[in-house]
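Structures incoming, each one as structure tokens.
Shared chain: chain A. Partners: chain B in the first complex, chain C in the second.
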Partner chain A sequence: MLKSNPGLALCILIAIGAICFALFSGDPYYVQVVIWVFANAALAVTLRFVLLIGELNIATAAFFGIGAYTTAVASTILGWPFFISLLAAPVIAGVISSLFGWITLRTKGPYFLLISFAFTEIVRLIYTKTEALGGNSGMIGMFPPMELDAYFPAIAISILAAILFGLYAAERSNLGRVFKAIKNNEDIPRSVGLNVIGLKILCLVIASTAVGLVGGVHAYTNSVIAPADFTYFVAVLALAYVKIGGEGHIVGPIIGATILTLAGQFLHSFGPYENIFYGAIIIGALLLVPGGIVGLGVRFKAGTLMGRAGR
Partner chain B sequence: MELQVQLLMNTLQIGSVYVLFALGLTLIFGVMKIVNFAHGTFFTAAALVVTSVMMWSVDTIGMPIWFSYLIAFVMALLVVCVIGFVVYFFGFKYVLKDLNGSFILSIGLLLLLNGTYLILYGGVPRSIPAVIPGNITILGASLTIQRLVLMIVAAIITLGLYILVHRTKLGLSLRAVAEDQEAAMLQGIPYRRVALYGFLIGATLAACAGALMATVTPVTTVIGDDFLVKAFIIIIIGGLGSVLGAILGGLLIALIESFGGYYFDPSTATLAMFVLVVILLIVRPQGILGHAEK
Partner chain C sequence: MNDTQTDTLSGYNKSSEGKILLKAESLERKFGGLTAVADFSFELHEGEILGLIGPNGAGKSTTFNLISGFIPPTSGTLSFLDQNITSKSATYISRMGLIRTFQHESLLSEMSVADNIIIATTHRLKTAAARQEKMREMAKLTGLEDYLKVTASSLPHGLQRMLSIAIALAAEPKVLCLDEPLTGLQGSEVKAALDLFEMIRSELGITILLVEHNMRAVMRICDRILVLNHGRLLAAGTPEEVSQNDLVIEAYLGHKK
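Then we have the complex of A and B:
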């Protein structure tokens, strides 16, 4: 399989390289940046996974937060061991998302977009009003156990990379094809006897489980979480990664996340100009490069880069 | 009794602003089939313009307050129309009927405009002097005259919009485009021009809401964003694209906020709104007055 797919082989090599970098590099800052890149890539890829069925799921941000809070509660309040706390995150996120999907996926398009937006803000409101979850200031003290501490960055990157490869495999499977068929015209899969709503819920649950795990990793990486980390803005940035990288292929969001995360490191000092920059880059990418970087690559391959006519 | 009247007054006053805000959103959705996440920036721009114009005209020139407010109001609408025109021509024009594209574009605009406001105005909230001083007592409930006038003006604007949409030729083409764009074009309705009008009317409604709100609350550079989540809940309840739905939804949400906020607390009221949305989605996914999904 790898011989016929050099791109995949290259991605595996990059992932292994990143894990080795985390194991052997002496500079914690750069290791942290690599983890951010992988975490943002995973966020963007999970957002894109629900785009496969044609829905824009702002609640990606909510399930990211639910995962992080689950791990935080499991490790600090309940005192569960490291790996179990980490695994609780995708489980809880998956359960809540199945309920959320069961209710909301009867709608689609703009309604689903708005509902998932409102859900994200409401979940955040619940954190701020719950004393046990630390209210506005959030929760602290999620640390990996001492004996694993040195290896934690490598573990985090391995988990995040596994999520990326897992979602790639899911997209390439028959299930992934059915998801795309639903996006194209959901009446056709329905006409051959498929339970379209059930499949949509499954798609949402897969993505939310994955992003819940990303949230769990985030809780341990940061050791501090607060409601303000989980606004709808998380999904907006994820969408920016998807759009800039290109949504036609799964590497698009990964490339987008890498570029913008690295660029963001330089922009943190700019205050209000940071948002202006992000706004401008999002608008620019949308209007000038509709297919994203991957789209540019495809056009370049086809030799039509210069001869593009309109949108 | 007195308390209930007070809460009811409160409902009408918050509700009237919600209605104006949600009407703009729902109108833009109806005509262009896009959700404008940057709608709050129109509201904010109008409120900010009102504060700066009044600061200049009252303090520097010494105009009477009511007169300078009128000028500020008109200026606010003009500025927002210009902003709306620019963002339509350099952005929204390219993403008509493209839900994901317009979402990204409007989020980009939200970041860009809010960042610009913050640089221009800074983070300090600004207030304007009372335009119409004094209180009035209705059935034992006390109310500033200013808030009463706000309600009346908002009601007049809402009524005006209702007449515009349901009784004029422009309204007819707006509704035709919302119903079926291609059929409307076949009848000779210039879709792009109608979309532009719909967008500008929507932006102007947000500007009216913002300029009115500036009289009763301190203005910050993110004031419009607070309305966004509630406006979304309102248009989900009322049905996207429905004028009457936005009015009823706005009043209902204001009722829950006012009474729920008093008897329980504001966050419980917000949660109650969301529970309402969930129940409604299970029973009637297309909203109270929305059309059935195709």
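Then we have the complex of A and C:
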């Protein structure tokens, strides 16, 4: 399989490299940046996963938060062990997203987008109004167990990389093909016996389960979470990663997340003006490179091929 | 089910003597104040090719949407394989084996020919190998075997029509509902398509309900014809009977002979 897919082999090598870097590097800051890159890539890839059925799911941010809060509650209030607290995140995010999808995926396009936006803000407001969840100041004290502390960055990167490869495998399977068919013309899959609404819900649940786990990892990585971490803006950033990297292939959002996360380390100095930059990137990418960086690559390849054929 | 018994008793052939697969009773559909289909009853018998014709706006496409579950009827009942399917979902009805094609946007335009057909095998076949095999079989049947990797929207029009039939066949229908499959085809392509329909009926044993504008083709291939006008059944019978019916001639030509 790897022989016929050198790109996949390269990605696996990069992931292994990142895990080794986390294990052996002495500089916690750079390790932290690598975790951010993987976490942002996972956010962007889960946002893109729902784009496969043609829906822009702002609630990616909500399920990211639900995952983080689940892990926080499980580990600090309930005192559950590390791995169980972590695994509770995707389970709860998956369950809530199945309900959310069952109710909302009968709508599509701008209607679904607005509902998912409203859901994200409502969930955030619930955190701020709930004393048990720490209200506006959020929750604190999610630490991996002492004996795992040294390995935690490597564990976090391994989990995030596994999410990326898992979603890649899902997209390459027949299920991924069906999702794309739904986006293309949902009457066709419906006319040949496929349950289109059920499949849309499944797509959302897969993505939300994945992003819930990213949220769980985020809770342990940061040790502190607050409602302000989970606004719709998380999804807007993820959209920026998808748009600049390219929507056509799963490596698009990964490339976009890498570039913007690294650039973000310098942009922090602009303070609140940083966000203008992200907005400009989305608009600029939409206008100038509609296929993103991956799309440019494909166009370049096609261009050279056509050039040869023309001569 | 005692269909084998019925078949031997009636000396089952391709004629309208076959058992009733699909039955519509007093079917009606209103859109706001407009009645698209009214008091429409018909039966589709196993093994026949039944034509559904009528001028533009006669309610043919609405009828297709009603029987395939894409829109629910305002009133009336539908039964398929002796089961009441009135207001059942399109997914449910297609899983039972009633597969329809579409007049417009009948393909997954951005996907390859192979992917278009594989999507249709997904519900019935569970392994990738079985789907591939079925896909190749259907592509060969419809003359698409050399175009498997081509994006559907860049196929020539005639082959796009063939692809929409390949998609429907890959879903293993008992009843195949074709919505104007000959539109825009050249003379030789029409003949090839009609031969394909005959083959689908005689060799694959699939019953066909055909909506079509091409009168010569309908007269040639159909065992029976239903004529709709203003949403109501105007006439029904063999091609000869229908073509000599005064009401039908008036509806099409606007005056009596």
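Heads up, the rule we're going with is that the second predicted complex is superposed on the first by the 302 of 311 C-alpha atoms of A that agree within 3 Å, B and C clash if a C-alpha of one lies under 4 Å from a C-alpha of the other, contacts with A are read in each partner's own complex, and residues count from 1 in each chain.
To be clear about the criterion, contacts are C-beta pairs under 8 Å (C-beta built on N, C-alpha and C of every residue); 3 or more make two chains touch, one makes a residue touch a chain.
Note that this is a predicted model, so its numbers are computed, not measured.
**Student:** Applying the document's definition of touch, where does A:L286 land relative to chain B and chain C: first, second, both, or neither?
**Tutor:** First partner only, chain B.
**Student:** Quick one: classify A:A150 as touching chain B (first), chain C (second), both or neither.
**Tutor:** In the superposed model, A:A150 contacts neither chain B nor chain C.
**Student:** When the two structures are overlaid on chain A, which partner does A:G193 contact: first (chain B), second (chain C), both, or neither?
**Tutor:** After superposing on A, A:G193 lies in contact with chain C but is clear of chain B.
**Student:** Could you say whether A:L262 touches chain B, chain C, both of them, or neither, answering first, second, both or neither?
**Tutor:** A:L262: touches no partner chain.
**Student:** Would you sort A:I84 into first (chain B), second (chain C), both or neither based on which partner it touches?
**Tutor:** The answer is neither, since A:I84 touches no partner chain.
**Student:** In the superposed arrangement, which partner chain does A:L56 touch: chain B (first), chain C (second), both, or neither?
**Tutor:** A:L56 sits against chain B, while chain C stays out of touch.
**Student:** What is the contact status of A:R106 with respect to chain B (first) and chain C (second): first, second, both, or neither?
**Tutor:** After superposition on chain A, A:R106 lies in contact with chain B alone.
**Student:** Return first, second, both or neither, reflecting whether A:N185 touches chain B, chain C, both chains, or no partner chain.
**Tutor:** Second partner only.
**Student:** Return the residues of chain A at which the contacts from chain B and from chain C coincide.
**Tutor:** Chain A residues touching both partners: none found.
**Student:** If we count contacts the way the header does, which residues on chain A are in touch with chain B in the complex?
**Tutor:** 51, 56, 103-104, 106-111, 113-115, 117-119, 121-122, 125-126, 128-129, 236, 239-240, 243, 272-276, 278-283, 286-287, 311
**Student:** Under the definition above, what is the set of chain B residues touching chain A in their complex?
**Tutor:** 29, 33, 35, 90-91, 94-95, 99-101, 103-105, 107-116, 118-119, 229, 232-233, 235-236, 240, 267, 270-271, 274, 277-278, 281-282, 285-287, 293
**Student:** Chain A touches which residues of chain C in the complex?
**Tutor:** Against chain A, chain C makes touches at 68, 70, 90-91, 94-95, 99-102, 105-111, 115-116, 118-120, 122-124, 128, 131, 167-168, 170-171.
**Student:** Write out the stretch or stretches of chain A touching chain C in their complex.
**Tutor:** Touching chain C: residues 174, 177-178, 180-181, 184-185, 187-196 of chain A.
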